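In what follows, chain A forms one complex with chain B and a second complex with chain C.
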Partner chain A sequence: MNIQDNYLKNKKNIFFSQNKDVQNHREKLIDIFENDRFDKKNNESLKNINLKNFIDFKYKYLIPEETSVINNNQENSYSIVSVNGQCSSYKDDKIEITRILDEDYNDFSKNHTIEKNDHFVNLNSLFLNSGFKIVIKKNNNIKIKISNIITDDHLTIFQKNNYICEEGSSLNLIEEYENKNNSTSNILNVIKLDKNSQLNHFLIQDNSPNHNLIITSHSSCRKDSTYTQKVYNFSEGYVRNFHYSELIEANSEADLQGIFFLKDNNTSNNKTFVKHLAEDCKSNQVYKGILNDRSKATYFSNTHVDQVAQKTEGYQLSKGILLSDNASFFSKPELKIYADDVKCSHGSTIGPIDENAIFYLRSRGMSKIAATKILISSFINEELSSIDNEQMSEIIQKKLVRYLSKVK
Partner chain B sequence: MFLEIKDLSVKIENKKILNELNLNINKGEVHAIMGPNGSGKSTLANVLAGKEDYEIINGKINFKDNDLFDLNIEERAQEGMFLAFQYPVEIPGVNITPFLHSAINSKKKRMNEAEIDNLSFAKLLKSKASDLGISIDMLKRSVNTGFSGGEKKRYEILQMSILNPDLAILDETDSGLDIDALKIVTDGVNKLKTKDNSFLIITHYQKLLDYIQPDHVHIMVNGSIVKSGGSEIAAEIEKDGFQKFQ
Partner chain C sequence: MNSETLNTLDTYSKNKYKYGFVTEIDDERPKKGLNEDTIKFISLKKNEPVWMLEWRLKAYSKWKKMKEPKWANLSFPEIDYQDIYYYSAPKGFEKKPKDLSEVDPKLIETYNKLGIPLEEQKVLAGVAVDVVFDSVSVATTYKGELEKLGIIFCSIGEAIQKHPDLIKKYLGSVIPPGDHSFSALNSAVFTDGSFVYIPVGVKCPMELSTYFRINAENTGQFERTLIIADKGSYVSYLEGCTAPKRDDNQLHAANVELIALEDAEIKYSTVQNWYPGDENGKGGIYNFVTKRGLCAGKNSKISWTQVETGSAITWKYPSCILKGDNSIGEFYSVAITNNFQQADTGTKMTHIGKNTKSKIISKGISLGNSQNTYRGEVSFLRKAEKARNYTQCDSLLVGNQCGAHTVPYIDSKNNTAVIEHEASTSKINEDQLYYCRQRGLSHEEAVSLIVNGFCKQVLQELPMEFAVEAQKLVSISLEGSVG
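Our next item is the complex of A and B:
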């Protein structure tokens, strides 16, 4: 079915289809799809992807019967179970959760940092059927854990979430994606950090082989705020992590880290993009991948330094271990600097495990497989040992052990 | 015979490095090998330890009644072979404690001995480290990472004294050590030496052999042992060099 028919057929199910501005925006998107107006040259969102599979899809969505928000007052912590991309409303003096509004949609459609040639983002706008908005109120220090549950097989979730950290607030956000039901989740997170706020965002991804997860996020940081994102991808199904950060006021910081663990025929596409738009800002983009069997990955990293963004510090690194001759990891770092007083660097090292190190460890009596495992663990030791949340670090360790148990 | 190398010829990248080499070492003996740069000393050490880059074109090696070529790298270590590397490799992110603990236990397992628990191992490591003048801080660091040349060599000897091998091959362990460190390291070797274990010491300097008395000294040139004898050979080399053997 073509995109237009697919949309019209399911329109009643899709958010904001009565809103004029939204309609206008969607008409343009449909035109792009219908008349194949994508720019395919240098389009990072097309790498390793069979686009047809994602455009020619069967739309299916079920409104969840029940979602939950549990407030654990003592520790300022909340547990949220988001079902099929939805979350019930909640309000207290520290946080407020509502469903996403058409004004949020329109606000997003005017954002120009996210690649307009990204068909996944466009599909998300077109078929939007879920999403929520979380506001962390001024000067509060909050922990939230979100379990993203999908109830049925073959659902197509198109979800937009807004996170707003008000001035002086601090949020520790752990998101879990562990789904086993052959569905596709296409999620767009729009994150706003006001002055002097902080967001530590952890994403743990561990889906089964036929589950697709596409996450795109956009964060913007005002003065003295810090956005940190750490993605741990253990999924056996396709995952795309694309993250855009804008440092719009002075002395703000974006730290985007990811580690992916791939095996079998799996694919993962990754991108980070940091735009420095003010002075004295810092950014970090570090992705590491471990690839076994016939798995494939891409990582595009970009630092863009505007001419007003003096005293920028921007750092990019990608590293990969290929455990098999048939695995491949394509990495492309890019730097565009229009200011003169900046410190920027990028590096990329991808290759098989160090044979000399293996020989050294084995020559002490360690088996080849044990030596390989210890070297894989050491490759990500720095990132894992810097996780300052005990529960998180236990979860990650367990998943790492499971991944290593399949390494031969 | 404890270690018997017979007519060993080895190639790397189509270049013959070891050439019909013969060497026998008995239990309890200390052997030293001296030879000019590039004569194949480290190659011999690596072939003994099992490094896979080499092509064995001829010869046999027997180690403790095993055909050495039947054993893989870790099996050789578990059988009691130890190589102190000329250039120990840096392994960022790997700490010595879990790695050596797992190594010693795989050896115990092969020997059907009881494994060492965490606490006893930590104690053992600490006490051996302090014997060798290695600080606790250094034990916390990643294997060889950012170590000075001398620190790396001490670290090799620390591993040797923990694993307590039957045959220890020291490849230029003395190079890069200051005079005090040389004393500490050679004391460590002498402490470990019994009538049941053997040492193969590769060195360029007679000095080392003043501290560790070898039973046999061999001269290696172009991949073969060209002369064997007692300590007097080392003195001869020190005086005249390798000229007349080439």
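Our next item is the complex of A and C:
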């Protein structure tokens, strides 16, 4: 079934489909799909994707029965369970959670900054069927943990979340994606950081082989704010991590990091894009990948420095280790610079594990496998040791051990 | 920016293009536009065999179905291929002059103005020059000496007549006519260029050099160069360009193919200083060049060195296909853009064989309102065991109206191959400037020194004959331009 028929057939289950403006907007999107037809040749961000899953999908969505739970177990700490992309409303003097359906659509539909030719974002806008908005009120320091649960097989979830950190607030956000059923989630996170606010965003992805996860985020930072994102991808199914960040006012900072562990026939597509639109901003994009068996990965990074963004510091780093003959890694670290007083750089390496290091360890009596495992751990040690949350650090260590046990 | 910088920027922007002059010579050309008749006309003029004409027509039919590649970071008005002359040869050149005294004195004068007096060069420089004036080779010197060694160095037109076997075997083998629209265009209408064949085991004793020069308004130049280095041979080839000042954009779509067989080495150096357009971005050459080398045999090596300072639009990616085991590809580049120049240049290293190595050093300097892009691809195919690549691309920005961009593509399909890539973008270091000025250098001298240091890694790769010219070019480009 093509996208248009699919949409028309399921229209009544899709959010905002009664709204005239939204209808117009969606008709335009359908036109884009019709004209472009996911042209793989001219759109490198579609590299390695099995498009069939995403074009000819069967739309299926279940409205969750039980309302999701919000626990205020410790002060300033919240646990949210999002079921099929939805969670119920909640309000206190520190945070406010609302359903996306209660929002004014125009508020978040006009997001011109996100790349227009990102088909998956367009699909998300077209089939939107879940999502929520979380506001952290002024000068609060909050911890939130979100567990994403999907209740049935073969669901197609198109979810849009808004996160707003008001002035002076600080949020520690942990998101877990651990699903064992064969569903597809297409999630768009729109994150707004007001003056002097801070968001530490952790994403732990660990899905089963037939679960597809497409996660796109768009963050914008105002004066003196900092957005830090760390993605840990242990999934055995397809994952697409595309993260766009805009530094719109002076002295703001974006730090986008990720590690992916791939094996078997799995693929993963990753992209980070930082736009410097004001002076004195800093950005950092670091992705590391370990690829085993027949796995494939792509990583696109891009630093765009506008003409006014003087005194910019923008760094990129991409590192890949190929453990098998059949694994492949493609990286494209891009710099687009229109201001002269900048310090920008990128580095990219792809290769096997250092033979000399293996030799060193083996000469001290270690087996080859043990040496390999130690070197993989040390490759990502910097990222793992920088996690200041003990509980999270433990979770990730466990997953790493599980991944390493399959390395031969 | 301080006032001194602004002043120097200002004086530079008023610097006029030194080599902008026109030699008035009667032209003989077909009608404007591209169709089968044009191609037949060219083929007839060049007295070509039928198989060559057929080859051209086949390329033309491919071109008709193709669109220009659009992925480069360049903006320019649509090229009207029907508004271009595809062949222009000074009259009476069907019969080649036997020696320099038979050459039109005006031509000789042109070269003298450019600083390459043929007669002097013949004696002093020890360089055999195959000069291309518009589309026909004027004179080929040093031929006899090269012939003794069995080296063939002639125009491609002559090679088609005299060495059809080599042409049939190698022409289009590295750049197939259907590769992209500019290669198809070139294959259909190429008029001249050089042909070099180095026999087994011969080390070419001198630098072979061609001085291309575009004359005649509205004439696109479509050279085709083919260099074949047979087993165990070595050749160093120089190419350099300056063009007279014109207001109409001139199209230039050359194809250069290099083939290195077992243990052979080819070194190809370019200094390109075509008319870049005036300070408002009017005029200038559109330069769409396809250069590709094939390391066909074991232990072969191809090395590209380029200094790009001219042209309104530069679209150029000298590439290496490293097919033979242990083969080596190198790319050294300095690209300077000023005013409204746009350059999208880089390289492509495709590692196919085992133990292949490649090295890329690229230096981009943007001034004025220019846009300078490095675009490079390094790919390791599945069988490229123990392949190795090192890439370094640095950009320097002078002024805040220009842009510097880096777009590398890195693809590894082999787990024993190692790839390293690094890039940086910055302005001229204030501390270094301060240090130099403290020691009594003027602002401009200091900048010149720093920029020369920035480019040194590449400039030192040039052969002696070019190194001087290139350094001169770089400092001319910087004269009064930087702060």
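Just so we're on the same page, the second predicted complex is superposed on the first by the 385 of 408 C-alpha atoms of A that agree within 3 Å, B and C clash if a C-alpha of one lies under 4 Å from a C-alpha of the other, contacts with A are read in each partner's own complex, and residues count from 1 in each chain.
In this section, a residue touches a chain if its C-beta (ideal position, glycine included) is under 8 Å from a C-beta of that chain, and two chains touch if they have at least 3 such contacts.
All values derive from a computational prediction rather than experimental measurement.
The larger set of touched chain A residues comes from C, when the choice is between chain B and chain C.
In the superposition on chain A, contact is made by A:Asn356 with chain B only, not with chain C. Once the two complexes are laid over each other on the shared chain, residue contacts for A:Gln86 go to neither chain B nor chain C. Of the two partner chains placed by superposition, A:Ser77 touches none, neither chain B nor chain C. Residue contacts after overlaying the shared chain place A:Asn389 against neither chain B nor chain C. Applying the stated contact rule after C-alpha superposition, one finds that A:Asn381 touches chain B and leaves chain C untouched. Touching of chain A by both chain B and chain C, each in its own complex, is seen for no residue at all. Against chain A, the residues of chain B that register as touching in their complex are 49-52, 72-74, 76-78, 82-83, 85, 88-89, 91-94, 98-100, 102-104, 106-107, 142-143, 159, 163. Residues of chain C that touch chain A in their complex: 382, 395, 397-427. Per the touch definition, chain A reaches chain C in the complex via residues 307, 310, 320, 322-352.
On the side of chain A, the complex with chain B involves touching residues 354, 356-357, 359-368, 370, 374-375, 377-379, 381-382.
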